[in-house]
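Paired with subunit B in one complex and with subunit C in the other, subunit A is shared by the two complexes that follow.
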Partner chain A sequence: MKKLKMSESYAGYLMVLPAIVIICAVALWPVVRSFWYSMFDLRLNHPAKSAVYLSYKLDMEKYVDTRFYVEGTLKELKENTAGHKGVEAAAVEQQLGTLHNQLMQSEAIASRYEPVKQLLDDFKPVSDATLRYVDLSREKARLYLNTIAEVTERLQALSTAENDAADQAVELMEEFRLSIMQPNFIGFGNYRYYLEELKVHNGKPGRLGMALLNTFYFTISSVFLELVLGLAIALLINKSFRGRGLVRAAILVPWAIPTAVSALMWKFLYDGQTGVVAKFCDMIGLVENPGILLTTRMGSMLSIIFADVWKTTPYMALLLLAGLQTIPVQLYEVGQVDGATKLQRFFKITLPLLKPTILVALLFRTLDAFRVFDLVFVLTGGGPANATETISVYAYKTMFAQMNFGRGATLSIVVFICITLISIGYVKILGADVLKDQAE
Partner chain B sequence: MEKKAGIGFYSFLVVFIFIVMFPFYWQFLTSLKTPNEIFTTFKLYTTEPSFQSYQTIFSVRPFAKYLYNSFIVGSLTTVFAIVIASFTAYAIARLKFKGKAIILGVVLAVSMFPQIAVISPIYMLIKNLGLRNTHLGLVIPYTTFALPLSVWYLTTFFKKIPFSLEEAAKIDGASIMQTFTRIIAPLAMPGVFTTAILVFIAAWNEYLFALTINVKDEMRTVPVGITMYVGQYTIPWGELAAATVVVTVPLIIMVLVFQKRIVSGLTSGAVKG
Partner chain C sequence: MKHLGKIMAVLLALTLVFSLGACGQKQEPEQESEQKPASTSGADSETAEPEAKTPEEPVKLIYARGMDSTKANIKIIEAFNKKFEGRINVEFREMPSDTGAQHDQYVTAFAAGGDEFDVVDVDVIWPAEFAQAGYSLPLDKLIQKDGINMDEYMQGQRDAGTFKGKLWAMPKFTDGGLLYYRTDIIDKVPQTWEELIAAAGANKGKEGTKFGYVMQAKQYEGLVCNAVEFIAAYGGAVVDGNGDIIINSPETVKGLTVMKEIVTSDFVPNNITTFTEPESHTAFIEGQSVFIRNWPYQWALGNDEKQSKIVGKFAMAPLPKGDKKAAACLGGWMTIINKNSKYPAEAWEFVKFMCGQEGQKISAIDGGNAPTYLPLYKDEEVLAKSPHFADQGFVEGLKAAVPRPVSPIYPKLSDIMQIEISKALAGEQSIEDAVKHMDEKMKAAVAEAK
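Entry: the complex of A and B
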């Protein structure tokens, strides 16, 4: 019997394994990575900052390539200048030569030099990262950068006209300087930057503060409206009537279509020129002119909230309806016999028994609303003037429009922390019962 | 509580359904209008329907390709997620081992993860694997994020299958694998099917990963492809409407056919019992 149990738990772990491995690799590990990225000045469109560098690195491709041109230019400079300037050029050449020898003392650099040179001579890129980048000690990197700075100064003094040999050499020194990848670990630098964006300046919060306010405003209003309307609809249709199936199908359709598509639909309906909803609001005097809906701060925020309420209230109603149907009818009958009014029955029977369902529905909806992206991104793009920019949209723009992954990751960690806090809050209220039930 | 539905009730229903369905009707109408009509009238009907917009979406942009991509990505995600989640759910529902609550907790926590918090590392991962602009590049993250809810739904369904059947199989000498494939799997088919519908719809509708990972026009999925019709200065409303109709009609049919299953699936997580 003991052996049987062992094999059963063994089989259990084996069956759970694939899901756990995938979830760890593609969901949990990325969160850790996001946090890691948020500690770096990581910009995909910046050649020296497009990866995570913990130490100084020498870009061999750039160094070897630049060195080839530097040799040529310095030779030209030496030949074409007489007197003390020629001596100075020779001294510069010697200084760079010494630096090169010091670099070549390192086995890692010496062994890579020839292969890299060979590739470059064949006009091939150095695509192997381990061949291309070499770790440099802090001292070596300092020495390198100091020497290049000194040489640059000396060359600048030699330059007499724009674009002469000395001037070209100065430009090449800049290339030399960029051959060193500086460590881009900045600790909590990105977080400090965003802390500044949280503060209020001249009565206006910074961009992050605004994005957080927008997100909370959207989440609270849309979830509240959806709960109230959803509960009302669920209570109303919680009876048998003709055409129930039709109503249920109608309810499911907005839920089933892609959010991006529904956002486009509403973009058309709200459009100042061709939008029928905008026209209607104008006709009944709700707005001064039909253009207001998508071009003003208030109008666009309310438009987004309404579009969300339209799409998800039916879903909310469906969840609550399922909860209502689990309440035994007898309870209401007893209540009626005891003389409870309709209102009393709602507050004393329906609400308490529906509480778990309401909480679960609220949890799902709050989390969904807080990470809202598609709806805002497609409907307004966060505009006008960032008036509807939510934190997810801000993070997306930072990452994929500015290509600043360090800052973007920082914002996404802020979203993650907010979501975690919200979940913990709900789970505390809900209790861990739900989880325990399922696991037993 | 069971009352007869009266006139007031039905008028409420009519208003409710009108609000829910009006945007769809309007899209359908717009898709049949000529551009001139779209910009000049707000009539609730059209006298000269034209199929120009439908022709344009399939000829100017690779809309058929978008549909194909979405279909492939959705199907593969569904198959992978269901297979992997079935094993996990079966183990949690039926087998005795330690740490089940922790596993379920982790799985559920992942369903709450904001996608934006994982998008940059996943983007890097897919890029490094050379899977950008491929179907697999989307299937990997989609499957991962479909797992939590699939596991949850399937666990609920598996639990409803009477335990005695398995006991009988055990006594007859069936192995765990045999019990799973011969007894549980056939009985769980309805639940598996319901979960599959939900996973497919979620994959079909996903936007953020599709937007960032597949940027080549011919590799885009429907939701992203449609939003790319919107130009900097002009928006071809007629074509957008036609595209919306093409995407929505299959979903409406699916919802009509499977509504009972979808509702039972959606509510199984939220309601005990």
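Entry: the complex of A and C
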């Protein structure tokens, strides 16, 4: 009997195992991966730092290709310079030749050399990574780098004018140097960099600090406004009146429009020359002139918040409406019999019973608002004067405009930490609330 | 019941096996056909059979460039497809007009080693970055093989395409900032920025105009172009020949001060700091502005009767002078071949056509773009359509355009300039502080990139 019970509980674990594996794969793995990348100096547009390297590697494609050009340039240098300099050029050639022979002693490099050269001569990329990258020992990599540094110095001494053969050779040596992939693990270097950006200098926070402030400002104001307006709308469409179905459907329209599209729409509405909203604000004296909306720090931030409120209030209203419908009508009837005013009924019955729904709705919206990207990107691109740059926009610029994936991953981790803290906060309040209910 | 369960289990297992098997079968031929073009590149002769089949079907090339308000590039592609009918077929992908947004899409595709684009038009500021990152194919050997005389191309553009001694991008057309003005309002073209400020203020409102001057001042790449023109006009510079940052100078401060004076004046639109090219050229062709600073494409657009209200009522001139000289920001577009393209030989045919005499002629006549292929400045058909190409001042102005910093980390440098200058224009920091911050941040970025 006991044995059966044991196997049953194992079977139970077995049943939930796939779910746990899937959760780990889709939820935790990206975070772990981002954290791993954030520990590296990873820059996709830097030839020697475009991937995670834990050991020294030689990029055969670059090495072979550069070697072709070096041979030509050194030949030119030898022929065009007489006397002492010609001798020096020959000596440099000799030194590079020795280095090449030392490299070719390794079976891995020698066997790859010809196939790579063949591909390059046909203008084909070396897309096979095992063919392209060869592991190098630390000693050999050091020897290589030292030799290149020495040769660079000797060539610099030979250069007499800008862009002469020796000068070109120096540039090619830089290519040689970048053919070696060095380990680019930097630990918490990226985090230290951003910690510096958090500090306040001359009364102004650094870029990350500013981006975080902008994000929090946007999140708190937009979510607060959405809650108030959403609750009002939910109360309204919870009442029965003619055409309620139509109103309920119509209210969802802003939410159904893709954010990028509605952002473009608002861009035209806010436009200082032709925008209707801008003109209206000007007419009622809200702003000095219609151009202010998108060109000042205050104006552009408020414009973005307003566009977001317009778009996501329906979502809030929908969630709250669902909560309102779970409140039994009898409670209101009892309240009415006891002589409670409408206001009292709202504060004593509706709000307390709606509290869990409100908290869940707030959690959803806060997390959403914190990651705001598309609205800002389309409406202002982070400007003017970087006044509307949120943390997601900053991460986007770092990752996809500057291709700095190490730094970008670090910013993603910062977002992750903030989101986690917000979630924990909400869950604490929610959890306490539920526990209290149960105790009662 | 027990039996039923077992039978169900077996059935389930069987369906799984079959569906997996089916998947495997379906995938195989697909994979094969995808790999073939790539493997023909190798030395192995196993794939000789399919190779014989390829010439019958034209090779499909994907060519991408940013939004074109003229239709010149469509005509180039049509002409090329006609010439190479049955051999090569070029398909066009339109990208956003914002050059920064284009850049980000390309680098995302290239960094993943993708081959979805074969040929791509690049802004003059990208070749160094693309070359350093290994996205583009060096063209020297191809040029040598086909005996193309590069001396027939404009020097500034060739320099922009050259990085570490190799040419990575073929010059297509050149751009420089130019001043356009309404001939029905302005008699005497302003020669200096001071004169322009006076003229724009005095003539605002005439002939139904609303503004005196429009430019590009949003926090984006175009802001850097406009700023570089002011900086250079007053004798400043961003980088020197060795790639060292030399932006911190009184000349830079002076140039940017004039820029700020214009941006905050009452003769520009009140939302000038949201203006990119489309906003500014729309204002000009709608007849709303007396002056505009824009690229050469404004000429063809302004004379397009379908869109423009000012056909025949405007002319162009070099940008006004500062203390030192008149400076136009070097712009323009070049063409690269994706290093991972499956068809480099065919892609080179297309690049050769588009950037050669035939393609550049179409681009000049239908697009109003200034050629980088110098013999076209003597071509009668081109001159008939764009008489200003014969104007020595125009050509010399473009030839002497000042480049933006040539650097493999250009996007980072540009980002720094955009933010600091935008802050200065918005009045959040003084010009002196902006210049000091740019200097510090750019130097740090350059040091870090080594």
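Rule of thumb we're sticking to: the second predicted complex is superposed on the first by the 326 of 440 C-alpha atoms of A that agree within 3 Å, B and C clash if a C-alpha of one lies under 4 Å from a C-alpha of the other, contacts with A are read in each partner's own complex, and residues count from 1 in each chain.
Just so we're on the same page, contacts are C-beta pairs under 8 Å (C-beta built on N, C-alpha and C of every residue); 3 or more make two chains touch, one makes a residue touch a chain.
Treat the numbers as computed from the prediction; the structure is a model and nothing was measured.
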Which of subunit B and subunit C A:400 touches, first, second, both or neither: both
First, second, both or neither for A:171, with subunit B first and subunit C second: second
Touched partner set for A:101, first subunit B, second subunit C, both or neither: neither
Which of subunit B and subunit C A:239 touches, first, second, both or neither: first
Partner chain in contact with A:162 - subunit B first, subunit C second, else both or neither: second
Touching partner for A:361 - first (subunit B), second (subunit C), both, neither: first
Of subunit B and subunit C, the chain that contacts the larger number of subunit A residues: B
Partner chain in contact with A:130 - subunit B first, subunit C second, else both or neither: neither
Contacts of A:273 with subunit B and subunit C, given as first, second, both or neither: both
Touched partner set for A:30, first subunit B, second subunit C, both or neither: first
Residues of subunit A contacting subunit B in one complex and subunit C in the other: 271, 273, 400
Interface residues, subunit C side, partner subunit A - complex: 38, 41-43, 100, 103-104, 107-108, 111, 113, 129, 132-134, 137, 141-142, 164-166, 210, 218-220, 241, 269-274, 283, 339-340, 344-345, 408-409, 411-412, 415, 418-419, 422-423, 425-426, 428, 449
Subunit B contact footprint on subunit A (complex, rising order): 5, 8-9, 11-13, 15-16, 18-20, 22-23, 25-31, 33-34, 37, 233, 236-243, 245-254, 256-269, 271, 273-274, 276, 279, 310, 314-315, 318-319, 322-323, 326, 329, 332, 356-357, 360-361, 364, 367, 370-371, 373-374, 377-378, 392, 395-396, 399-400, 405, 408-409, 411-413, 415-416, 419, 423, 434-439
Interface residues, subunit B side, partner subunit A - complex: 1-3, 5, 9-10, 12-13, 16-17, 19-21, 23-24, 26-27, 30, 38-39, 42, 84-85, 87-88, 90-92, 95-98, 100-101, 103-110, 112-122, 124-125, 140-141, 143-145, 147-148, 151-152, 155-156, 176, 201, 204-205, 207-208, 212, 222-224, 226-227, 230, 235, 237, 240-241, 244, 247-248, 251-252, 254-256, 259, 262-263, 266-267, 269-273
Touching residues (chain side subunit A, partner subunit C) in the complex: 44-47, 50, 62, 69, 73, 115, 118-119, 122-125, 127, 162, 168, 171-172, 174-175, 271-273, 289-297, 380-387, 397, 400-404
